[in-house]
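Please read the structure below before turning to the comments.
Going in written order, the chains are labelled A, B, C, D and E, and every chain counts its residues from 1.
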């Protein structure tokens, strides 16, 4: 399973990054003033801490391996519970939500698919009164396009609250699921064509890998459903009423993604049936033609064998050799007629 | 998969329409006065906007590709939320319902089946105090027969409220599901006959396509269930008490459609089993007859071979040739008797 | 699929009856006085209408094709909603319940099984203050034995309320399900025996038909579950407290029927596995014996072929022919020993 | 299916007993005084009725076929509803619970397994203020060991209430399920060994019988779950607070039994897969060896056939015969090498 | 099934320990003072009892076979209900929770996997006001590392409440599940490689064992879900508010473990499909090549047989022998061309 191995390498690559400390960690800071939106990379955490206590909304994005030291500093500064720190670092933690009096903590998995391997990254969010923190595993910065969009739209939109920013970030992650699922849908369609035209063992492996990936992506999406439902119904003071329709919309997108996964899984499983029947049909076709040829000649060979016996009286007849040929052609004809009647040929 | 490809062409056709602007968009306006029902196609949106503020109930139906520009104008005029506009344009949006203080927004999928391909179209509804807006993807006007029916019935029925009109539109969509499912039921029945009479690889592909279509139609119907349940229980002021029995009836129809889909899926999946066993039975039958013939002649050929050996003493016997024939027929008889006893022939 | 076809004929037969008007419709009237129970067939609807306003409990049973004209008259007279009329006429309507201020409307499906075909009939009930209406599709009068039983029991039991009569009618329908399911259970048991003794393609078709019928009967029973649950918990004034235990008992019977269907479906699906393994075992058995015979003789024939070569030196040996036989028997013996060791024979 | 047949005989045996009246019915009476516990068989029902009105707790156990006459007498005396009598007599009634103001009625199924057949018996309980009635189908007295235990423990335990006695009786039934499931687990383990060592058609039938039995036992246990949940939460005055932990414990045991059944069903279904693959592996192995032998000799025989042609020039060569042997051994060697390379041998 | 047998031996080993009394039972006592944490093994139960009434938090851990005598003494001393004692001793008891006024009782299963066999151990917890009791089946002390950690961390953490200790113990058990599931994931990955490279019967057995183990581990984890949910929502006075986030975190871990099991089961089941198709592909490949060879030579042998007939006129032709060879090579060429066109070779 190359998929497996690549995935493990990646993981180990991710964890080696963890030891690489500040050099690998990147921090982006987005600050919303009354009439400006600033985005800049920060090298010193204190820059971020200064903005914490201002009234403007601030977004601190930590990517490139969630380093324990950096994280601990942030946690101490922002007053984050030890359990939250544990869950941010634990890349195996499933998506979850936890309400604290002063902030909301969420875990998600972002997905990327390169046609063969499915990469799931651990993404954590902390939503507080006037800031939002995001933590991303790995060095791909998922939220860069989102930040760009916000910066470019500065004139047009109002200052967004941390809850709207959280929605936007989550929407980004969910949109990625659709991109991934459409890529997988294409992969399934390719397999469908192959199942008809050239079913081989490789196809079975490919279908198996697709099914594994679908299982993995489902495990990533499924808990989001409950997470969003809780977020909407809990009525935490950090979630403002005007954000509710956005959350419900997002919830519906997640439901749609779950249904998409399920339908792909059903299709992939029907694909396996199709492969099996396709392979066995091909096999049967070959076996049948070959068996028919064999069967046709076996009685004929028998007759030839008979007349090879050293002293066969019939051959003393006049026209004996002709008789043998007539006998053999007659039997062949009857057998072919019988096969045709049975619709075997 | 021709089904797939056709489907994609259609989709791209749909989106190319989207760029074709007002030329392709068609607007129908239905206006209910105290003693008249007017239906006419409008070319100018302002005609529709004028009727908005009258006390009469108005139905504006936008079909032929939901054009962004036209939609945005309507949204601005009627005060529709940006999220709703996004969902009307996003043809991948799954069916959902969203309540706003002044209006209710619903998304549905209408279905059409031409015997091979299943077409799902994005249909959106906005129900407000004295008007209803409908948006249809593609250029088939699903609601035309309904509008005709309403116009023709003008003398007989009272002025319907927007909620009743919404019910009538939804009922139309759900009735279409039954039509589609009955067509699929027929397709399944045809496959059943073929599974018995002539099981071949094409049948497998056809069953696979049916199963895919059933998965797709289920994804379209399933969310409607919850949508209607919410619509009935939310007690929005726009839904009048006398419409409730109609909504419950519709809800039951949707439940019935879901059960119909499920039973067809079960049947289609049993069909695959049937094909596989049918194909293997046919194969086994051939193999068996042929193998029996081969087996019968193998020992006989062996005997003939023996007596082809250049110096075989037995042939010096008187009646040697007769002996060979008796031996061979005896062995053949014993084998046939054994096969019969075993019920192989 | 003969099952399918017969079923369709029947349906079309049913609908042709619909055109046959009053001639085919039969109405039975059961009237409970303080000290009498009258049952008689009525030819004039007005007879039924006269009894509506009396204080005695009246049961009007309409069977033999629910004729639209007759139905409309009854609906007008008894004040029944247009939706109810639509659902009584729509034989595809799934089982449902609807509460109105003055009456309760229920739809059920009665089942009959003749060993091959499953007939599902549309049965509707209207329960009102002092009467009950029943409408049956088709000309079999399902409730005749029940009416007989009530008339015969007149001395012994109290005047039953419409709710008890409705319970009795529903109980009749549910009891029929058990009868049908037991017949299907027998059919499954017969298939089990056949799967062991003589697995053939016909069996596969029979199992497929059984599975289809189980799917259909499940679709008929399943909604009854919710229907009865709603009926018991809604606390409509028409349902008297002393009827509640009867409804709970009926609810349990319906649950039992659902579980029965599920267990039969599991068994039928296990039966398919059993058939497949049974068929392949039989096939393997034949193939194996035959292949063994073929394999045994192939090397022997080879040896005989060798000694058919025109100038074979060994045959010049003294005892050459004996040598050939010893060689062949030796090889045959070794092969048989090998096969036995491997437990192939 | 012998299992089926035996089961039916038993059933009919059970129902023939039903006609055998008082001779077959056995009644045991257990009476708890302040300082004594009396157990004796009663032949006259009046003995039981006398104890009904005493303040002491009384247990009347009716076994050996629930005779309608006897049952009716008891029902009249103890004021039991007609529906309850119907459910006690109806051995097909699924497990259920019904609350009446003065008593609680419960139906259960006791299970017994003799290694081949699963026997399910109808057991009914009536719990009232100061007595408990139990009714057992068949002549095995399930509760005898329980009564013995209670009588022997008289000194040590307090006077138990009817609710505790009911718990004890139900606990007995549930413990029996575990015994039965462990026996079935063993049967599954035996089948696992057979699937590896000697897969044959009999195994398939045995697995099928195990699966059927698991389906049946599940149908018996499943409703108990809800029954106990209702019993605990309904807060009927007959259930005392101190009995609640016992009921919750019992509820957990039932849940455990349900999970046990499910895991056995999963295992049995995996077993079928295992059998199929095991059988096909065995078959493939045979076919492969035999086909290899056949294939090896076919070209060799061809060569021998060639040199059997009456006038073959090569044989005129000197060493012609040696050449033939070298040719044949060479071809055989090449084929064996090819087979080895392909890892077929 | 070696897995089965080993498992049974272990079980019987466990129960033989049970008879071995105090010699085998080990008791560890952990006592939290205001500024110290003491851990020592106790040989005399009275030592533990003395600490019960002190205000400090005490943890008594009983491992090495839950001996009935020892347990009874503890139960008497700590006032534990007889049902609890029964459940602690009953190693078949499924995970459950029971609230008593003074204490909470929980049952869990700890898991260990040695690559082949899955060991599930019965672990019971009693949480009371100022102490916690744990009972472990078997002689492995699961909680030793946890106790060590607590003792070592004495300076740093506050005195933990019994509820936090219970959380820590449960967390240990749940973490073990992840360890076990990761080992099983590796085993599945190994099987995936084998399914591609060398599918054989042993693989089928291994997959079957993996599936059984997954079923067993699921039965162990599943009830924990409800247990923790109840523990969090019941709001028992023994559970302090600050422990709630920990319990929710644990609950999420359990959910994640359940999802992990499910995804492994799906994968293992897809693995079986993959094995079957892989095995049949291999088989088909062999059969096909061999059949092709056989088919090729059958007509050729027939021709050779013909010319072995004693008096064949053609051989009298000049160049007769050459003609035979041309005929045979021609037929062989046509057949090979046909096979190539059909893509069989």
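Observations, loosely collected:
The criterion applied here is as follows: a residue touches a chain if its C-beta (ideal position, glycine included) is under 8 Å from a C-beta of that chain, and two chains touch if they have at least 3 such contacts.
Please read these numbers as outputs of a predicted model, since none were measured by experiment.
Shared contact partners of subunit A and subunit B, listed by label: none present. To fit its Cα atoms onto subunit E, subunit D must turn through 70 degrees, a value rounded to the nearest 5.
Here the spacing of subunit B and subunit D, counted between their Cα centres, is 42 Å. Computed centre separation for the pair subunit B/subunit C is 26 angstrom, with centres defined by C-alpha atoms.
Annotation for subunit C: residues touching 2 or more other chains are 276, 280, 287, 291, 294, 298, 301, 305, 308, 310, 312. Taken as a contact graph, with one node per protein chain and an edge wherever two chains touch, the assembly forms a single closed ring in which every chain touches exactly two others.
Residue ranges on subunit A touching subunit E, taken from their complex, read 1, 4, 81, 83, 87, 92-94, 96, 98, 100, 200-201, 204-205, 208, 211-212, 215-216, 218-219, 222-223, 272, 275-276, 279-280, 283, 286-287, 289-291, 293-294, 297-298, 300-301, 304-305, 307-310, 312, 315, 320-321, 324. Residues 178, 189, 192-193, 196, 245-246, 248-249, 252-253, 255-256, 259-260, 263, 266-267, 270-271, 273-274, 276-278, 280-281, 284, 287-288, 291-292, 294-295, 298-299, 301-302, 305-306, 308-313, 342, 344 of subunit B touch subunit C in their complex.
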